[in-house]
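Pasting a structure here, questions to come.
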Amino acid sequence: MSSAGLEKLRMTGAGRAIAALTSGGDAQGMNAAIRAVTRMGIYVGAKVYLVYEGYQGLVDGGDNIKLANWQSVTNIIQLGGTVIGSARCKAFTTREGRLAAAFNLVKRGISNLCVCGGDGSLTGANIFRAEWSGLLEELVQKGRITAETAQKHGHLNIVGLVGSIDNDFCGTDMTIGADSALNRITEIIDAITTTATSHQRTFVLEVMGRHCGYLALVSALASGADWLFIPEAPPEDGWEELMCARLEESRSKGCRLNIIIIAEGAISRSGEAITSNYIKDLVVSRLGYDTRVTVLGHVQRGGTPSAFDRVLSSKLGVEAVVALLEATPDTPACVIGLSGNQAVRLPLVEAVEMTKEVQRAMNEKRFEEAIQLRGRSFENNWSIYKLLAYQKPAAVQSEHSIAILNVGAPAAGMNAAVRSAVRVALASGHRVYIVNDGFEGLAKGADLRSFYWTLFPA
Amino acid sequence: MSSAGLEKLRMTGAGRAIAALTSGGDAQGMNAAIRAVTRMGIYVGAKVYLVYEGYQGLVDGGDNIKLANWQSVTNIIQLGGTVIGSARCKAFTTREGRLAAAFNLVKRGISNLCVCGGDGSLTGANIFRAEWSGLLEELVQKGRITAETAQKHGHLNIVGLVGSIDNDFCGTDMTIGADSALNRITEIIDAITTTATSHQRTFVLEVMGRHCGYLALVSALASGADWLFIPEAPPEDGWEELMCARLEESRSKGCRLNIIIIAEGAISRSGEAITSNYIKDLVVSRLGYDTRVTVLGHVQRGGTPSAFDRVLSSKLGVEAVVALLEATPDTPACVIGLSGNQAVRLPLVEAVEMTKEVQRAMNEKRFEEAIQLRGRSFENNWSIYKLLAYQKPAAVQSEHSIAILNVGAPAAGMNAAVRSAVRVALASGHRVYIVNDGFEGLAKGADLRSFYWTLFPA
Amino acid sequence: MSSAGLEKLRMTGAGRAIAALTSGGDAQGMNAAIRAVTRMGIYVGAKVYLVYEGYQGLVDGGDNIKLANWQSVTNIIQLGGTVIGSARCKAFTTREGRLAAAFNLVKRGISNLCVCGGDGSLTGANIFRAEWSGLLEELVQKGRITAETAQKHGHLNIVGLVGSIDNDFCGTDMTIGADSALNRITEIIDAITTTATSHQRTFVLEVMGRHCGYLALVSALASGADWLFIPEAPPEDGWEELMCARLEESRSKGCRLNIIIIAEGAISRSGEAITSNYIKDLVVSRLGYDTRVTVLGHVQRGGTPSAFDRVLSSKLGVEAVVALLEATPDTPACVIGLSGNQAVRLPLVEAVEMTKEVQRAMNEKRFEEAIQLRGRSFENNWSIYKLLAYQKPAAVQSEHSIAILNVGAPAAGMNAAVRSAVRVALASGHRVYIVNDGFEGLAKGADLRSFYWTLFPA
Amino acid sequence: MSSAGLEKLRMTGAGRAIAALTSGGDAQGMNAAIRAVTRMGIYVGAKVYLVYEGYQGLVDGGDNIKLANWQSVTNIIQLGGTVIGSARCKAFTTREGRLAAAFNLVKRGISNLCVCGGDGSLTGANIFRAEWSGLLEELVQKGRITAETAQKHGHLNIVGLVGSIDNDFCGTDMTIGADSALNRITEIIDAITTTATSHQRTFVLEVMGRHCGYLALVSALASGADWLFIPEAPPEDGWEELMCARLEESRSKGCRLNIIIIAEGAISRSGEAITSNYIKDLVVSRLGYDTRVTVLGHVQRGGTPSAFDRVLSSKLGVEAVVALLEATPDTPACVIGLSGNQAVRLPLVEAVEMTKEVQRAMNEKRFEEAIQLRGRSFENNWSIYKLLAYQKPAAVQSEHSIAILNVGAPAAGMNAAVRSAVRVALASGHRVYIVNDGFEGLAKGADLRSFYWTLFPA
């Protein structure tokens, strides 16, 4: 945003009132977001209200909805959690609750709402927006507000900020809190590494992520973990052998410890949960290694936000206010996401829908698609993890190169014969070339393709 | 130790060989201890051998027992865990294993052994010392060593350093690793506090300590936890009500979170385990609070040692070498402990025995004694925790003072009547005075005693 | 990169040899980069050599250039600094030194070089590449290598990875180490905040960045600092008054501390250095506040890498190997940068040139351009910092709106009169409208423009 | 303190009022102390007032002196700095200021004062106590308080808690904040180690301690620093050569970095300041090593308190209240210190006097005495640092042993001859024995003493 652009914004918020709340699981950086929304709101001339205890505060009203000034958000950028609280709220899932919430907003002249939370919280906000005019009508009928008030605030503008340590929301590169959670996880893995090394132990570390493997994936990449379980990429059947073989190989080459990282929501190809204790028992029974399980738990969402999360949240919070100012009844509700280093607006409904689609893909065992739906960065991280975590068997172990070509009339079974010959040759470490078009192809030298048999797990 | 004293020590180790090993659970500071033993050993003119992988390395010999020089221990003081490894060793619990160990030592001319580990490891060292001459005799008989060698190294000097994050060893103020573990625990509690506050949650934190409540006690004190479970002081029967009442009271006064700390080995008065999940279920069912369990696990023994642990280990390691030099076949094996700020020598057998006595006291439900056996500092910490954790009901809540005196002939039931009257009066917040010797006592004004009915749990 | 794409890469490196070195100031994440280059190199079938002590190792050869295997880079991803060392190297700035370096590479069959360092180091690599064939020729003439060898390795492929905590390289969103340095800085600011608050102190914090204000800017944003000095945006003349007024205002509103962040290379509009001590003296003399300077120094590049830096370096390192494999004598040397979440290849020469252009812009006092050249993200951060750091005077403080229009024949001084009227009105908080085209314009209602007089510093 | 003992204390504070303040440089743990004093005060039935902004708040009164309740100090134990503020106060150094302070206390019925601060702050408190009755008299004369009030509060009880990161107070093992500062310093040294190692650099680290070398000494011990400068033990003349030789030797044995730690107040034998820049220039000019200075500054007193400091402060705070309750006009003012693991009372005046005596000893160049006055633990740490930091030249390098004895009539110059012979022999690495009483002594074999020529610096 240019200086001129910013200057133009000033006063555009005059007469407007914005309410901001945090909802769902807390995430480091939420306070920086609240600070940015508050101060940007004041900058553009609007009144900013902070809603305490999430949607519950919206329903309860009273002291839970407080007018903020510039100082209200001083010295909170460095704090973990959310200073305005968050809570599960059953009431808001009912129309009655939302009616109370609408009343609490409209009587303060508020028709702009910024919600920082996960996909559930944002979906809730969107329902509220859709119902808004109906809710106001009901309030008019009940004589709780005047028709004039209802008309003046006839439309509810909403904007979402994704606060979620899981980085599980499609369309944004990062959600608020994910970077801090990753730093917390890597600190703990680093700490555990010292004790694991001392004892030649295997550690099974369970990190958060019931539906999304992001934290597990990136922390495995960042710690060079030996094996990784994420819901998006269940291991091939027979993984137990492969994993134990890999751990054994790593030990045989001098490694004094093994780290296995597992997301809470890890599943097998058939969709059944893989638990950290199952893995531990497996390692103990097959390899006899001293193995421990550590469930990282809420430490992951605790502590101070990282520099990245503070900056990200500030950036998104500023954009959220601009989006609210520019919203019209016709623009769809939006979520502020990060694309590259820029704050961007995503259509809320589509982004939520796409996020749910990942889950559907996993439920329906379209795992490759699930990974793709997570986005290019997730996919890349997954590739890079696999590339760097363990050494693949040498593609070629012998000096022999074998060319295979079909000669004469085609016959049933030829393909199977070739396939079998290729496998055997590759397994013996030979290099295998496939010649198309028989001797003629060989003479031309075209289309000589080499084959490698992958032992890649995915 | 004075400069002159130190100078005198130089060369007293000439011709001696010292082996050092770490055993049992690793603890932050073990590397500082190994560094101190190695360098002090070299300073006094001795050869120092580092034994890798604990007792297993002693049994296996070969490359597991390496001559160290000054640089061998450079840049390890800041590392967590133990760079020379630690391991459980079944072999050393057999005479055969110890025979192999004795051979591996004696053939290198080593008859001084410094063991850094827990009470089990130190006990093992003492058995080894007692058997030493017999083991050498057997080695002579088997022709593996000469009688001359056996005679030259006829006595095994041992010294212990208590490496244990649990601070569970009697006679020393602190064991190696306990301070670092405490810092790790408080960091994690601080982090969890931010998320707990955001959600008004109750957290049940399980810290290490299967037999000793030190870590739980001190971390509760350091974090101002609402409630604490340690094996040495099981809660009074009916604690469930009391605890829930306390949590509720704290919330009613504006606290947004509750922290409950539980040692792994927490038990009830009847000796049954109290688990973190039992507590969680209790809070959820009785109070309906959003409650989470976090088991801290091996993070507690991970990471870099604190400044205190580095200094403590250096101090103890230096003294260990001096103790080995001054040991004679007649001096009992000793452990180097901390008393005040000074390294002191404790008789190994008695210290281990006293440590076991605490366990016996707990087994036999002599809980007050158990706390006393833990030492004055433990006792004090326990008192201070209780003083500062929660507000005791005001001793006096009313303006009325009531004096109770017995008049006339004594009768059965008088004591019970007085007791009951006192209780009722106190419960109503009145101040109660007891007058001895009836009206005569009242006239004299002597011996007017006030009573307070304690709600103190212990 | 797809699985299939990766699979195709396997063996394309067969027969190749890659050398990797770190140069210039160390940065957290360099080890992760070295690990990624090594393992990806092995994956594609190449031999990978690690060069110790930067370019000096290249010149010295011998044990400084070691063939690596998969295990060589195990357990280094979590380490700070660079395990293969870095050093200033005068020798490599001479042709003689580069001749020695060329010999050391070519005799090992190495003609692929990956350099992780700052822009100076990368420029050096590019000079080396340009001279390569000449150097080989000279080696042939001197009889040190055969003409055959020279021909076989006739071209040197180079690829750069930008390791620099300063994030001072154009074309990449982030350089290796910058995120970790930011986290270190914010940790320290957070710590200092506790003591500053206790004493109502002002802290002047000097962070690294002799030529680039990135670290200062982002840490100011992340900590909500009161004032910020960066070389790209020197303060307007008279900033001393403005700054002191701002600090005073903040205190008057209840803030107990002030944080001022200054980049090492901070300058005034006239290009002279602004030092942290100058600022301190200013605050003390004008405001009498207890003020302290803290120079963060090398702590900023110390300690373990953040999760982000580990992942970034892994990503870039993998791509670096692919770029080397795909390089031809005709492709220009490239640097691997980050764009969004993706690794991208930037032409080395242009990127270095653009980086230098920023410096030129600053030297020539084209400061706005300097900020733009730093990239959109830098510019945004700068805007957001200013938006959120301090409250701008209310654009409108009165209820009056004044319209100004010119009537009658134009006369000299009319513009000045209007300008003056606008300023006075705005200063009094009135809203001012400018009517174009006199009464006619007023009647039409078109082009009514409102004016705000900005107090914005930049 | 036993449960019974504690129970007895309850209500003994009824009718009493205690004020608590923090003064001087803030220290981590001060909040834990304030919490303990407040809650213990409430426990014993007293009213507790918190004084904000140190002595200035006492002088200013009004809202700076607030009645506290149990919740006032909830959730502060984990915070760094002091939540009730601290400030330099010129006013309190004047009788007028103290008169105002006395009035502010006495009108609230407060005649018990707990001061947490350094030796200057405690001395100020003692002056206040001595003047108290005179101040009250003056207030009576001026008609500001009644004679009755003056009589009722005729004596001011004071108790001190030493809050000082420097651990510079005689009589207590540890001052509040020192352990946290040490942990902060070692964390920073650990971080710098990674970058120093990468570049083979020498780092000169300046830590706090203008008059006391505690932090420098213990952090040198905890980090294995190569050289150490503390005010209590200035290096021998010619130290420049010795230091450079030591650094060089360490590098020659493979060390990639050197760490030199210097206390702010480091001096030479002649009492002149040794600065970190002087050392840097020395290393650069003599050895040509890449050398950097890092001044740690206020980070040392920043951040969260360590577990140790929280427990220490809680312990001392509880005892402070007990000491106030037990104080009489005749008991001298006391400071609560730590001895071993126990809180103990030290006479304030003597403790301050002894602390000043250390400074006098340094001023008068009685350096050995200065170290002794710091206490046995300081002395031990100093010995151990020297023992473990660098390798002393081998006491014996040859296999030869030489005995020296005097035979025949004594003659002038014999002692000099012996001395010279001993030195030459020792310098050649021989072992030297001194025989008393000529051949007769040799025959008896008594009193054979071996000599070692120390190269020990101190």
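Worth pointing out:
Note that the chains take the letters A, B, C and D in the order they are written out, and that residue 1 is the start of every chain.
Criterion: contacts are C-beta pairs under 8 Å (C-beta built on N, C-alpha and C of every residue); 3 or more make two chains touch, one makes a residue touch a chain.
Just so we're clear, the structure is a prediction, and the values are computed from it rather than from any experiment.
Any chain touching chain C that also touches chain D would appear here, but none does. Centre-to-centre separation between chain A and chain C, using Cα means, comes to 27 Å. Chain C has its Cα centroid 50 Å from the Cα centroid of chain B.
Looking at chain A, one finds that residues 190, 193, 304 touch two or more other chains.
Applying the touch definition to every pair of chains gives A-B, A-C, B-D, C-D. On chain B, the positions that touch chain A within their shared complex are 22, 25-26, 28, 30, 79-83, 85-88, 184, 188, 190-200, 203, 256, 290, 292-295, 297-299, 301-304.
Considering their complex, residues 1-3, 6-7, 10-11, 14, 32, 35-36, 39-40, 42-43, 45, 70-71, 74-75, 77-78, 173, 179, 182-183, 185-187, 189-190, 193, 218-219, 221-224, 253-255, 304, 306-308, 310-311, 314-315, 318, 339-343, 376-377, 380-381, 383-384, 387-388, 391-392, 394-396, 431, 450, 452, 454, 456, 458 of chain D touch chain B.
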